[in-house]
Amino acid sequence: MLVEFGRTRVLCAASVTEGVPRWRKGSGLGWVSAEYAMLPRSTNTRSDRESVKGRIGGRTHEISRLIGRSLRAVVDYKALGENTILLDCDVLQADGGTRTAAITGAYVALADAVSYLRDRKALKGEPLTGSVSAVSVGIIDGAPMLDLCYEEDVRAETDMNLVLTGDGKFIEVQGTAEGAPFDRAELDALLSLGTAGCEELTKLQLEALA
Amino acid sequence: MLVEFGRTRVLCAASVTEGVPRWRKGSGLGWVSAEYAMLPRSTNTRSDRESVKGRIGGRTHEISRLIGRSLRAVVDYKALGENTILLDCDVLQADGGTRTAAITGAYVALADAVSYLRDRKALKGEPLTGSVSAVSVGIIDGAPMLDLCYEEDVRAETDMNLVLTGDGKFIEVQGTAEGAPFDRAELDALLSLGTAGCEELTKLQLEALA
Amino acid sequence: MLVEFGRTRVLCAASVTEGVPRWRKGSGLGWVSAEYAMLPRSTNTRSDRESVKGRIGGRTHEISRLIGRSLRAVVDYKALGENTILLDCDVLQADGGTRTAAITGAYVALADAVSYLRDRKALKGEPLTGSVSAVSVGIIDGAPMLDLCYEEDVRAETDMNLVLTGDGKFIEVQGTAEGAPFDRAELDALLSLGTAGCEELTKLQLEALA
Amino acid sequence: MLVEFGRTRVLCAASVTEGVPRWRKGSGLGWVSAEYAMLPRSTNTRSDRESVKGRIGGRTHEISRLIGRSLRAVVDYKALGENTILLDCDVLQADGGTRTAAITGAYVALADAVSYLRDRKALKGEPLTGSVSAVSVGIIDGAPMLDLCYEEDVRAETDMNLVLTGDGKFIEVQGTAEGAPFDRAELDALLSLGTAGCEELTKLQLEALA
Amino acid sequence: MLVEFGRTRVLCAASVTEGVPRWRKGSGLGWVSAEYAMLPRSTNTRSDRESVKGRIGGRTHEISRLIGRSLRAVVDYKALGENTILLDCDVLQADGGTRTAAITGAYVALADAVSYLRDRKALKGEPLTGSVSAVSVGIIDGAPMLDLCYEEDVRAETDMNLVLTGDGKFIEVQGTAEGAPFDRAELDALLSLGTAGCEELTKLQLEALA
Amino acid sequence: MLVEFGRTRVLCAASVTEGVPRWRKGSGLGWVSAEYAMLPRSTNTRSDRESVKGRIGGRTHEISRLIGRSLRAVVDYKALGENTILLDCDVLQADGGTRTAAITGAYVALADAVSYLRDRKALKGEPLTGSVSAVSVGIIDGAPMLDLCYEEDVRAETDMNLVLTGDGKFIEVQGTAEGAPFDRAELDALLSLGTAGCEELTKLQLEALA
């Protein structure tokens, strides 16, 4: 599926394979992981291909791990059985918030893949214990703002990514002071704003899956 | 631009940068090259990312070189001046003929990039000496056929990629006997069929650029 | 300097070099970065060397970036002038909280390096705008706890790393639901506990530097 | 065996191992592949070792694949049984046409290896369905020419490699316009010239094997 | 264990695992190997991390192999049974003679590991047939000297590493003329001096193990 | 030049380039280094290509460094001027003693390269202060022996490589106890035997250069 947040466009695809990685074999448990990448022309200035450079950069690693971890928070491995779902999130166009768009889209692809397995009677129960969505929030010129585009992201004093479940609990909180360190009141405002944003996304996800 | 040949879809983008690679500096000549890659889910069975494997496979290398070589055949480096045009061809969906689709689409992206440079008065003349298009042809059950999709490609006894200029001359001829070796008569039939196919593509390219 | 937090021991060393990385030359600004690594026998079960594997793992990358980012939050690059300070954090023994120990110790090494430059009259002003310390907090059996050791870390439902300035502002907030997602009240309790922990560390840092 | 074409010298050796690569196990079918490399001093100007650079270049990959593909065209895998024949083609001295020399020599090494297996009663039938030879042809100053040496190769407007069976059928046709694109008449002339050249080589191969 | 020779400090740790590398499985024989590395700040001028460079340098490889080979000279693999002992030698501070310090310390760690296995009744006999120690000797301003520190090492005309058993036999002799080649008399003097030095070390090792 | 010692055959070639590596520029001093490699079929059982494995093994590194170091012992860098001589030693056939054959042959190639530079008046003096040759000696069934072939090498209890100048001084002494450690008397016997062997080789080198 193709997720669009403003001008950011991410292609999210789930691949289902029978079996699990070697270290998990025979456990009766499934596995979910993710890989994130950007096309070289997804940004305004072309960036070099990581395949050509021969190694994956720290940022790509970090985001791939974040997406996988976020989705695994709502997965019941026993119910999934020894199946692996791999989520590919490829950014076709980037204008800020690619990692949160990827998480939000990857959840929908994951739910689709689970339906596919359910239709094929390949599950031992209901593997999804909730839904997952994510937003980026930040403080710009002193004001908390939702869904930063690239230009805003660069200007933000504080940049925070929030991953929440559909019922409003936190899976991941990642806030970084890009400019001046932030105080507790600012942090509280960002958390409230992001929680509201994820509520909206949860509705859109339900519509997409309906 | 997005090129679609049957169910094959390739995203072709040109990036223009001032200056040329180091080995060419001060020569007054420009440079054109290409990078080809497939998204992991572009094929029916997911393939591993080359960035994760840490090295580019032989096939990817080969096709990237073929695309670059094909386009360079119609470029006048002096007229281009010390500018570099890099063509990214990313396969979103693959159903046979991705390399020929990439060449055909990359030419259009190249012509667009040249127009952009012309509008900015950054050229020393007209760098394109012609147009380029490419088709795949093959022999299936003894009959020559144009534009093989994946299933046909696998069944083909002979697989040939042809790159031609808009006025019907050959830039590249690559024929491989997948099954039985082919004789001169079969080779002649494939060359004629491919020449006709490229004529059609040249017309479509002109329309796209108009 | 050698930092010890419970049984965790991290060797933090600062290396000062005149000049800055190429992309920053001529800007008049300094640079600070960090590299984190674990000795193979720092953990109970020996882990493979990343130099032998030929690539740095995602976790190592992530922590190196976190340490560098945290310290840079209190650095005034203009006052530093075109000098580079590189912080090496090598874990000799690991028992939970290695990344927060590394940040806390790296700050002391950084402050030492700045004193060294100050003594040599190599600075253009006072490059440190504050101090930095970090703690890990978590929820274990429903209760918020400070400074998790490895065994607690594994049992924690939620694991949070907090990086604060000496005057109690946030530089980095990284919370992850390892088990069940956490609600806002739990998040608030963790933030308060961590803030108090960093206050203590700030005092110890001042003593170490006195 | 050492193949010499003009001043080009290629060492071709076949290595036979029982068993096949993992993906082919249990199929009852054999496997043939090839590796091509140039010694650093085989060219006039020393080229860097690919082992030192840590990666195989696109050209080396491409030629290794071409040699393997060409030889496999005359191999009956069932008759070979689950044996693997690996052909090493190492260029000691290069003066144009190293890939075609390598194919021609590798066929002789392959036929030798098959004889060795036949003598040891390790075959299930006759694995060679024909012989293989290869030539390079090109257009220089408007005239089609056979067996280009390095200096001619550089000057050639069109460069074509042809791989044929002993009975004159095509296995591989690879033509590239280095300078001006070529028309159908020129292509026809090159195909005829190359076919005649391969006939000669087939005779020489028979003599070498006798 | 931490070995100190003058200002050189090396952390030597043994890791015992049941089983042996694949190529040795089912042989009934054990295995001993070693890995050597320097922390980036162990030298006066910081050296780059090999994990960051993505490849182990020749010197590191060479020393790791030397340590493993030296220790294996006193190991009876049958008595060890199918167990592997891996010795990690990490240089915290370097001031000449790190490889000989590593060997001397690694022997003590090895003997400790063997005791551990003996206590757990995991051995089939006594795997150590002797002890191992090592020294560096050199010719400085014409005079043979023992235990060169870094400054002396740089000035030495000849640099020799000797590895001996506890009963004074040679396991390894590595002498290199850094400046002028050396004659037989000088070589004899170095061998005698080193033999005496290793006798001293053997006593210290016995004390450490007592 | 092709060196043959028994059945061992090594191709030694010198490449001269004006200028020196970056770290040596402007010093007025030259540089000499070496690269050693084995063709995959030089051994009885084919070994994998290091270029395909993507990294050079420890043994290759070690031998390349040994060859370079040995030759540099007789080079006067000032007289060489800012020129670089790179020696490629490629083993075509291996039957023991490849490293000593490589050193002995590389010296001849080096001397040839120096003559070439002398003829072109590119030297500032006489860069060779002596000649270099090398032999392998060992103890087999208790008896010291010269020039071990592969089979003897495997059986040797002690294996020693000696590199000497033409006037009988030692450049490198590398002895390893493969089986039982060796005593001083055995060491003395090996040194005498090797010294005599190198004397013979020095004569052969002079003849080759005459």
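When the chains are written out, they are named A, B, C, D, E and F in that same order, and each has its own residue count from 1.
Just so we're on the same page, a contact is a pair of C-beta atoms (placed from the backbone, for glycine too) under 8 Å apart; a residue touches a chain by one contact, two chains touch by 3 or more.
Treat the numbers as computed from the prediction; the structure is a model and nothing was measured.
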Exercise for review: Enumerate, in label order, the chains that touch chain E and chain F alike.
Suggested key: none
Revision key, fill the gap. Chains adjacent to chain B and to chain F under the stated definition are D
Study note, to complete from the structure: Expressed as a multiple of 5 degrees between 0 and 180, the CA superposition of chain A onto chain C rotates by 180
Check your understanding: What is the chain whose Cα centre is as far as it gets from that of chain D?
Key -> C
Practice item. Work out the mean Cα position per chain and let me know which chain is farthest from chain F. Key: A
Point to revise | Duplicate of the E-F contact set - from A-C, A-B or C-E, the pair where over half of the pairs recur | key: A-C
Exercise for review: Mind checking chain C against chain E and telling me if their interface is mostly the same residue numbers on each side, over half, or mostly different?
Suggested key: same
Point to revise | For chain B paired with chain D, centre-to-centre distance based on mean C-alpha positions, whole Å | key: 26
Revision key, fill the gap. Here the gap between chain D and chain E, centre to centre from mean Cα coordinates and rounded to Å, is 49
Practice item. Could you put a whole-Å number on the gap between the CA centroids of chain A and chain F? Key: 58
Point to revise | Multi-chain contact residues (two or more partners), chain B | key: 54-55
Study note, to complete from the structure: So, starting at chain E and moving first to chain F, the ring lists as E, F, D, B, A, C
Check your understanding: Residues of chain C touching chain A in their complex?
Key -> 55, 58, 61-62, 64-65, 69, 73, 130, 160, 164-165, 168-177, 180-184, 187, 191, 195
Revision key, fill the gap. The answer for chain F against chain D in the complex is residues 11, 13, 15, 35, 37, 39-41, 46, 49-52, 54-56, 60, 86, 88, 90, 92
